[in-house]
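Consider the two complexes below, in which chain A is the common component and chain B and chain C are the respective partners.
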Partner chain A sequence: MANFTQIPLLRWLMRNPIWGFVLIVFIFFSLAADNFFSERNLMNIVVQTSTIGLIALGMTLVMINGNIDLSVGATLALAAAFAVDVQSWAAFATWGNWQILPAVCIALLVGILMGAINGFIVWKTGVDAFIVTLGAMLGIRGLVFVYTGEQSFYAMNFAYSDFSFMTIGPFPVLAVIFAVAVIAVHLLLSRTVHGRNTYAVGGNREAAVNAGIRVGPHMMINFMLIGFLAALSGVLLSTQMGAATPNLGRDYELWVITAVVLGGTKLTGGKGDIIGTLGGVLAIGILRNGMNLMQVPAFYVLVILGSILIAVLFLDKRFNRSADGGLRL
Partner chain B sequence: MTATREPALRLQGIVKTFPGVRALDGVDFEVMPGEVHALLGENGAGKSTLMKVLAGMYQPDEGQIIIAGQPVRMTTPIEAKAQGVVLIHQELSLVPEMSAAENIYLGELPRKAFGRVDWKILEERSNAILKRLKCNFRAEVTVAHLSIANQQMVEIARALTVDARVVVFDEPTASLTDAEKVVLFDIINDLKSQGVGIVYISHRMDEIFTLSDRITVLRDGAYRGTLTTADTNEDEVTRLMIGRSLDLSRNEAASKFGDTMLEVRNLTCTGLFEDVSFTVRAGEIVGFYGLVGAGRTEIAETLFGLRTPTAGEIRVDGQKVEITSPRDAIAMGVSLVPENRKEQGLVLQMNCRDNMTLPQVQDLTAGPFVAKGAELAIFDQYREKLAIKTPSWRQPTAVLSGGNQQKIVIGKWLSMKPRVLVVDEPTRGIDVGSKSEIHQLLRELAAQGYAVIVISSEMPEVLRVSDRIVAMYHGRVMREFDISEVTEDSLVQAISGIKSAEPA
Partner chain C sequence: MLLTRLKAGGPAIAKQGILVAFIVFMIAFSLMSDRFLSADNIMSVFRQSAIIGVMAIGVTIVVIGGNLDLSVGSMLSFATVLVVDLHDKIGPELAIPVMIMATLCLGAINGFLIGILRLNSLIVTLGMLSAIQGLVLIYSGGQNVDIADQSGTWFAVFGRGAVFGIATPIIIFLGLALIFHVIMTTMPFGRRVHAVGGNPTASVFSGIPRSRIVFMTYLISALCVAIAAIILGSRVMGSQNNVGQGYELQVLAAVILGGTSLLGGSGSILRTVLGVLMLAFIQNGLILMGQPYYTQWLVTWAVIIVAVWLDVAAKRGRLFSPIA
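After this line comes the complex of A and B, so read on.
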């Protein structure tokens, strides 16, 4: 064992077991599935992953902070509805393609607002974030139905749905947006004061208060960030579909939390990082894509993913428990 | 004491060691049926360990437990209870959402067919016990709705579900009012008249002299003697408790101090402490000594903005200040090294460097990012200064020893250049070697001109580090001693609530 731990890559994989898993499934599908290992399919995976991935970045912040946000799927749907609907408002009828701009801005602001409401309630009432955002999940989804009248909105401006097929150099624009967001949130979390305090508040709230850290504003900022990212995800998803449906984003909160937890972020807060979350997101993306290519029925994919989630966390508990100095209960 | 009667319980030569500590060193103790036997000793003298041995929570390494003439081995609290030995804990261990009856029979609810709870029998029996205890509430009531005193009654009722031979009360009056105490003492006398042996653990001399028949004193894990209450007095007991063999090396009184850095006048927090006044000068360590619950930690928390005082004022460096949050306190230069460093002082998963710079990270930036170089410089400076032993700054603080964890917390505040440093229980849970290192460190800090408050429940510690000692009892300052004039006796008496004849 001692020899193994001398190799930096292996040591790194011990601390980030999810990337070992990503590597294994990647190699497996490259060998087992035709068409998996092609530039086109790999870009596809990144694009498919970006929807959940963007929200997972925000969820990592919120969970490290010691909270959780269950309302992201509903926020995504609400933002998508605004993004598609506002384009067709009479006020912007003469704006040409520029009508997309206010639509997207309003959609993103709606996301930030939803996050701010969640954050504010958690901060000021002290009610558990699980409960607050569970309520928000139901309530915001209700708003979506009220707003859309249970109908889907279709984007009339084709420039909107063309956006998702654009490329920057060899890369699809959606992949580039995701990559930029990954880097930005990683820097925020690992290099800024806000990131540091996010860890401190989630790790030990009492100690953070005793160090003079204002807990509430940090939590609120993180909820606003996840609201923004959920809305961005909703906008991008609606460009891919050229439409916004009222059921958009159903169950996304569960996929997102699965990815983040697979990436090593603790539900209890204080621990986790973006590199792990990226691994978790890719693991899910590769599995879904690869099994799809191998024509495994979608239901089995769910069974397999569920089993993997539990197995990975069990192994993590076995290997990394003692290092935390935690109690074995 | 008639020689013909068997003791209800006898402990013989009990030895219990923990890694590095001999917690009990050949302790003898017995209690007769119908006797109240008080067990006395300072914090850490071994009372709790002895009671845990008695309740089957710890196994003694050597020695015998003899109940009604028979040697017994008890490996769990349930077995101890089956033998008729019941412990009434200092901290209540009730399930607040359940009824009193359910709590009384927790784990042994009477059952009907198919494992259903027999509510009728449960409530009949519970109410019978509560009646015996002269309680004025019904067993059906939810425990959360009861007062602390009544909750304690439920705890006692739980002990009476078996035919108790011996009931151990561990600091039972800590959270009771005077009126409630009278009721408790009635119950104890009642049990006594029914032939139950009572072990009564308390720090309060007045209670012990009112209640007990005999007093056994422990010190440093060793048996120091048993006295008949009627034939002894507070002085004799005190002397037995402190002893002479103890290493009580004292701080040499320093002669010159700087300006007054902290002045507290008539500070009151209703129900916790009252009318507290004291000053701390630069270069001086003021020790706060008293029993657990005397209000010392609460004063520290008030100074640090975690509690709001109901009256009185705080002056830092001559300026009257309003401190309503730790943020304010930090800005005023008041720092607190808290009682429980793991819960209140450290973010355990976080590495050493980040923990050290936590209160000032917002000032250590380069552009939008944290300046990690500056952070590391601070960490290295205090690692060297405080001799913190860690292989790397990357270590999570969870894996450090208690002494090194404490140094990280101290370093965190020193790096903020505070005016006043409050240290609550500086060496709790820290091994002997690191203890003296921390004491040394505190003295050095004073020598460098910091104004330091040290709160401690250990007499050797207060004597070793303090220039002055404030003795507290029940939320009040009983006396203030200069280190050169303090005697162990007077200190123990002051914190036990005994008014001394000599003027303060």
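After this line comes the complex of A and C, so read on.
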């Protein structure tokens, strides 16, 4: 046993068990599924996971803070609706392909605004984030339906739907955007004062207040970040479909939380990182993609993912006795 | 102004805040629509809220015990698909007990993982939510199910029948609420659930079998889901395989609106009933006023946050959070 822990890679895997799992399923599907191990399919996995992955980055911040955000699916739908609809506003009719720019900007701003509303309510009222965002999840979905009138919007400008097929060098543009976001949020969390404060607030809120961290605004910024990332995810999803439907993003909050928890972030706050979250997101993505290629019905993926989530929680409890894992409310 | 009032007579009012809000909404809606307060309309609101209501009773007990149950929505899909599918295969008199047993098994899995193994309830029930949804789809093969002979079966009585002019779902809902209210307020079991939710460590030191109590709360939750599934299956005489999707959060919203603390240890079944009815009356009132159905979600958003905010504010004696 002592010998094993000498090897850096194994030591690293023991601290990030989800990457061990990613490795195992990766090798398994490479051997078992015919088309799995090809450059094209691997890029596909990254593109497919980017939707949930982007939101999971923000959720990691919010959950390290000791909060949670259940409204991301609705925010995603609202941003997608704005992104597709604003393009066709009369004001931008003569802008040609540039009409996409204000549309995307407005969509992202809407996402930030929704996050700001959540964060502000959590800050000022002291009501737990779980309840605030549970309400927002219903309310923002209501806004989506009010805005769209229960209709789907279709992008009339084909440049918009072509965007998702663009590549930068050998990489699809969506994969590049996801990679940039991963690196940016990772640096934010590990190299900046804001990142350090994120851990401090989640680890011990009282102590963070005493240390002079303005906890309220800090949490609000993280809610705005997750709002932005959810909106970005919504915009990218709508470019893939060339459309925005009012029911877009339903249940995404559950997938995202699953991914983040798989990655080792604690609901109690104060613990977690982007590397783990990336592992959680990829684990889900590879499982879904690989089982799809093996023509396993999608139903089984649900059962397997649910079981893995509970198994990870169980193993975590067995091997990290300190991990209490109670929801802080 | 509001602050001082909150400090003085606040707690008493805030305690009944949901009742006050309920009355305000009822008066407002009855002024705006003359059909709102008719007996027919009130009956139909009660009948529609029965399914969410029955589920909310179970979830309230789980939450008082200091845990969450997000799996009730998937479990409702599971139970409804099962009872409807088995109805034609083995007849209703066998289908109902088989379905109840199967649903209780799911509840027992929840209870085992959370009560005995002490795993985090939010994540466990989140995992169960997706696992059970998968099970439903595997069982039904992605097909919707329905009952062939819809007029000839006595199974219809649970969802479509009436006793003394009162629809059965209402009787089941209110009867169940009353029974569990009595259990939770007067019986040792109820006191123990409160104790376990309020202070788990202290409850263990007082000799309360914490694991068993938590286990029991999840069994009760599953039982309530099974009863809700009987009402739903009997009313629709069929089932989509994702019929319960999203119910978990509506149920939780009603429970929170009823003033049950997510921290555990406090809450009341009757106030949950009030929360359920309030959400149902808001929905009904807005539709009678000619608003599209989704406006209720916006109103619910505001109502939930304001209700919990006032509750929290009354407890700390300050309207705004002291956090900088």
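Methods note: the second predicted complex is superposed on the first by the 321 of 329 C-alpha atoms of A that agree within 3 Å, B and C clash if a C-alpha of one lies under 4 Å from a C-alpha of the other, contacts with A are read in each partner's own complex, and residues count from 1 in each chain.
The working rule: a contact is a pair of C-beta atoms (placed from the backbone, for glycine too) under 8 Å apart; a residue touches a chain by one contact, two chains touch by 3 or more.
In this text the structure is predicted, and so the values were computed from the model without any measurement.
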item: Partner with the higher number of touched chain A residues, chain C or chain B; value: C
item: Which of chain B and chain C A:Gln151 touches, first, second, both or neither; value: neither
item: Partner chain(s) touched by A:Ser38 [first = chain B, second = chain C, both, neither]; value: neither
item: Which superposed partner A:Lys124 touches (first chain B, second chain C, both, neither); value: second
item: Partner chain in contact with A:Asn97 - chain B first, chain C second, else both or neither; value: neither
item: Which of chain B and chain C A:Leu313 touches, first, second, both or neither; value: second
item: First, second, both or neither for A:Arg141, with chain B first and chain C second; value: second
item: Touching partner for A:Glu206 - first (chain B), second (chain C), both, neither; value: first
item: A:Leu302 touches, of chain B and chain C: first, second, both or neither?; value: second
item: Contacts of A:Arg196 with chain B and chain C, given as first, second, both or neither; value: first
item: Common interface positions of chain A, toward chain B and toward chain C; value: 209, 214, 325-326
item: Residue numbers on chain A that touch chain C, as the complex places them; value: 70, 121, 123-128, 130-132, 134-143, 145-146, 150, 205, 209, 214-216, 250-251, 254, 257-258, 261, 267, 297-310, 313-314, 317, 325-327, 329
item: Footprint of chain A on chain C - complex, ascending; value: 68, 113, 117-124, 126-135, 137-138, 142, 245-246, 249, 252-253, 256, 262-263, 292, 294-298, 300-302, 304-305, 308-309, 312-313, 316, 320-324
item: Chain B partner contacts - residues on chain A that touch it in the complex; value: 187, 191-193, 196-197, 199-200, 203-204, 206-214, 270-271, 323-326
item: Residue ranges of chain B touching chain A (in the complex, touch as defined); value: 304, 306, 325-327, 329-331, 336, 338, 343-350, 354, 358-359, 361-362, 365, 368-370, 396, 398-399, 412
